[in-house]
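Read through the structures below before going on.
The same chain A turns up in both complexes below, where it pairs with chain B and then with chain C.
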Partner chain A sequence: MSRAFPILVVLLASLALWYAAAIGLNAPWQRDVYGRAGLKDVPFGQFVADTWNQDKPVMPTPHQVAAEVWKATMLVAPNKPRSLLFHAWVTFSATALGFGLGSLLGIGLAILIVHNEAMNRSLMPWIVASQTIPILALAPLIVVIGFNIFTGTLGIPTDPARLMSKAIISAYLSFFPVAVGMVKGLRSPEPIQLDLLHTYNARPWQVFWKLRWPSSVPFLFASLKVGVVASLVGAIVGELPTGAVAGLGARLLAGSYYSQTTQIWAALAVASILAALLVAAVGLVEKLVNRAMGARPA
Partner chain B sequence: MSVVSAEHLSLTFKTNDGDVLALSDVTLDIEKGEFVSFIGPSGCGKTTFLRTIADLEQPSSGTLRVNGQTPEAARKARAYGYVFQAPALYPWRSIEKNVALPLEIMGYPAAEQAERIARTLDLVNLSGFEKKFPWQLSGGMQQRASIARALAFDADLLLMDEPFGALDEIVRDHLNSELLKLWATTGKTICFVTHSIPEAVYLSTRIVVMSPRPGRVADIIESKLPRDRPLDIRESPQFLEIAARVREGLRAGHSYDEEAV
Partner chain C sequence: MSQVQYYLALVAGGVSLIGLGFALAFGSQDQAVPVTIFLGLGTLSLLRLALPLGLWADGALALLGSMALLGGLGAAVPAPAFFWLALVAAWLFAWLFIERLSHVLAPGIVDSAGLGLLIPLVFGLSILAIWEVVTRGAGVPQVILPPPSMIGMRILASAGTLWADFQQTFLKAVLIGYGLGCGLGFAAAILIDRSPFLKAGLLPLSNLVSALPIVGVAPIMVMWFGFGWPSKAAIVVIMTFFPMLVNSVAGLNAASAIERDLMQTYAASSWQTLMKLRLPAAGPFIFNALKINSTLALIGAIVAEFFGTPIVGMGFRISTEVGRMNVDMVWAEIAVAAVAGSVFYAGVTLIERRVTFWHPSVRGA
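Our next item is the complex of A and B:
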């Protein structure tokens, strides 16, 4: 209760603000409608109710978005392109694949950087530079080039090729937090812990597996939580520019083409639920790993 | 053959403020089975000397032999166990797994690991705590676990760097008498760094008094106390006499410090 209460207060405040904003933003169109129908002196209560229930509102209200999400997830078969579950699954597949690839890449780079001074000096600036390029500018290039290589040179069918091109963007965004976090994590053992292994004449791989790797676990999970959300953003961005027909990004784009604002907001809502579930999943794995590593219960 | 043999050993640290002479012309022989304490104010090089024996620091000049070998060769032969100021237990390992760490690295078979863990944990009175994690143990018990870890493999030399410095006096007294028992049963050679005069006198067969800037040996005091030492030996005239001499040696080193300033 004590934890739920503050969350509830913020939620109610946000909803109130949302409904208030919807009145203002939808008012011009509503006045237009009244003007064309020749209606005058509409009671304020009626006016507010009408702004909250337009067909194509500038600002859809929470209950409209909730109804749209309900309709598009529960009332449509999940294998139909009109189902948001179908689109969420398409986006999730690319996110998961890209997250896996990006995390492995990030961990691998961190291992190289920590163990080799030349790598540290040469790789780290490029890793940072890679993230200064706006992903919106890069995504179409990667998707188009990747798709052509996968389908043309490698002869992969179009659906897996699309998935892999999007996963590359996810990996591109998620390897960065993992690499940076893991460099810090693998360097986190205290000098005294390293000295101890030195007195045992431990080999470098023993230092890695018995000290550096377990020391880096808290950093790894912090990075993975950032990385998994970045992966989702990458997958959605990868669906925007390519005329993709499936995925939450494609759904967002289609909604904006046809001024289906409620559809856009519903896709956004599903995307944020997906993000929350992904972070929660990483958090669950973290909890299990911590328990196995004997961490003091928080 | 001496276990540790230092001749004109010097060590200079290069820092941004210029060179610091941490050890200056230290000559010392430590025989098998001795318990040698190194005592002195901070900056006197006692820890540096211990770390040099352990091949954790490199001497600038002079020679140092451990079991007749270079420190590096001795380290690679796993000639010594090192107990640090902090327990340095790995928090993700249970107590038995922490003691197993050197055994895993040195490649002992599983059955022998289990046998050695049981034996050394018994030696430091930690039987029954095998499955606990470090945070579940008190500071004194953690340090005992780290001593068990240093005893788990067959090194005849035990290097201890202020192992009880962070513990309260009651726990420290208790661990001191346990350490003496351990020394009697194992027959190991022990080098023990401390800044406590009673601790040094109570434990040692020989006390090396060191003084700072530059770190050097100010005095070496042989203890004629019997090997079997109950805690109340610290009230005996013999004990107090040795303690007085240690204190005098420390004071001499300190006045040098004041002249230099």
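Our next item is the complex of A and C:
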């Protein structure tokens, strides 16, 4: 309780701030509306209530966003394009595919780097340097060209092709944190532990399975949590370029084209919930793995 | 030589031998001569089984091979078989060179900074060379992947446009947003530092927010602040604020209790403790946030431009040129963004080394 209380207070304060900001930001439009209707001396309470309940507000209020999310998830069949669950599923499938591919790639690279000095020296600086490059800028290029290659050259139907081209970006974004984290993790055993296995005459693959891999697990999950959010961002941005008709990113873009602010905020809210769920899922797997490996609860 | 190197040398020599056979049998054009010479020398390297060959010889072979290949490009598309064998051989020689060099460097026998830098450099250059040779040798449509030389030409040819985009996106949106966001995050950290209540309430929420896909607020900011650079700067502010806040608060708690006790015995005021102990101790954390933010800022500004801009800016250029299939221009923008991002990051790192010179991670290097 003592830990939840400050969080609750700050949350309530930000909600209050949000409502206050909504009054300020929506006021000019509301005054226009009153002016056109010839209304004068509207009571302040009425004015505030009206700014909180506009159709296309500059700043939708939390209850409007919540209502929109509720309407678009619970009251619409989940297989219809008007349902946010449908869009969230499209984004999630690209995220999951890309995250899986990216994590495997990252782990593979890390294993290579740890076991081969030449790989370490030639790859590591580039992996670090590539962090500084705005990779998301490549997203439209990869999506459009990947889509054309998949449909044109390889003859894949459009829907899986779209999914795969988005998954490439997700994989690209999520493999960096995983690779860097796993290099750290696979190198985390102490020299004294490596020496012990050496005295047991362990083969390199035995050192790997019995010492390096288990001791890298905490690093793996820490970087997977970063990677899964990066994948989600990659999938959303991958849906922005022309051509994407489904997914939370496409929903954001459509909302911005048609000034449907509430729709944008609802898509954002769903994206945030999705991110939190993904991180929580990775955390859950981490707990299960730790228990299976015999870790004592901290 | 270790086992890996032995097999590498064997395969590299073998591929050269097969390539030489192909070249002598089918190669007729004049441009094929340097490639043939390289293949012959590569075959000769098999003699190393009898007498040892220095690692620099492998490096020279790889260099010669790539020069010959780049010079022989364009004679025939798609290039003949021996050409591809020569590419594989040159790549194997480069790999062997890196493998041997890193083995020499590993125990620290010839360790000097120049040689350590050589390995990633060779790696990067071989990627560029393979890219160039494969795209031009196999006649890959430039819509799919333009060769690096074409991207370079495009950068030179459209320097004016690129500079205008760079000015709009980087000098205005990124730098201003970065400065504001980091400054505000830091100021907020100093402010809430005094209140344990606010810290307990804000920190978990800020951690949550920094894990969210904040790029998504881009359309909202574009709606609020218009199409110009202020809307992009606003996104950069939001994206950089939370990492800075979280890291600064963590950094301000980094000074140990014993050091704070020492300040207390000096009767230092809380302001003095902040300036002389806790801010310097927070340095590494703050610079960590500055480094994370330097990449986030660029990403935020570019992605925000996908949602609407005046007709200038890196994100705008990328999204429109993709639509017009001018892929070389897209790559040119990405190259500029990559250089800008790396230089920005390197600049922050340089300042970090100056400011937090006392930190073990800086002293050790």
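We take it that the second predicted complex is superposed on the first by the 292 of 298 C-alpha atoms of A that agree within 3 Å, B and C clash if a C-alpha of one lies under 4 Å from a C-alpha of the other, contacts with A are read in each partner's own complex, and residues count from 1 in each chain.
Here is the rule we go by: a residue touches a chain if its C-beta (ideal position, glycine included) is under 8 Å from a C-beta of that chain, and two chains touch if they have at least 3 such contacts.
Computed from a predicted model, the values in this text were never measured in an experiment.
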Checklist entry - Is A:G294 contacted by the first partner chain B, the second partner chain C, both or neither? => result first
Checklist entry - Given the touch rule stated above, what does A:V183 touch, chain B (first), chain C (second), both, or neither? => result neither
Next on the checklist: With both complexes superposed on chain A, which partner does A:I192 reach: first (chain B), second (chain C), both or neither?
Outcome noted: first
Next on the checklist: Per the contact definition in the header, classify A:L240: touching chain B only (first), chain C only (second), both, or neither.
Outcome noted: second
Checklist entry - Any idea whether chain B or chain C touches more of chain A? => result C
Checklist entry - Touching A:A167, do we find chain B (first), chain C (second), both, or neither? => result neither
Next on the checklist: Tell me the contact category for A:A137 with respect to chain B and chain C: first, second, both or neither.
Outcome noted: second
Item to check | Intersection of chain A interface sets (partners chain B, chain C) | outcome: none
Checklist entry - Which bits of chain B are touching chain A when the two form their complex? => result 54-56, 75-76, 78, 80-82, 84-86, 88, 90-94, 101-102, 104-106, 133, 135
Next on the checklist: Give the list of chain A residues in touch with chain B in this complex.
Outcome noted: 190, 192-193, 195-202, 206, 210-211, 214, 217, 293-296
Checklist entry - Which residues, counting only chain C, touch chain A once they are in their complex? => result 4, 95, 98-99, 101-103, 105-106, 116, 119-120, 122-124, 143-144, 197-198, 200-202, 204-205, 208, 211-213, 215-220, 222-224, 294-295, 298-299, 302-303, 306-308, 314-315, 318-319, 322-323, 327, 330-331, 333-334, 337-338, 341-342, 344-346
Checklist entry - Can you list the chain A residues touching chain C in their complex? => result 3, 6-11, 14, 25, 58, 116-118, 120-126, 129, 131-141, 144-145, 148-149, 225, 229, 232-233, 236-237, 240-242, 248, 252-253, 255-256, 259, 261, 264-265, 267-268, 271-272, 275-276, 279
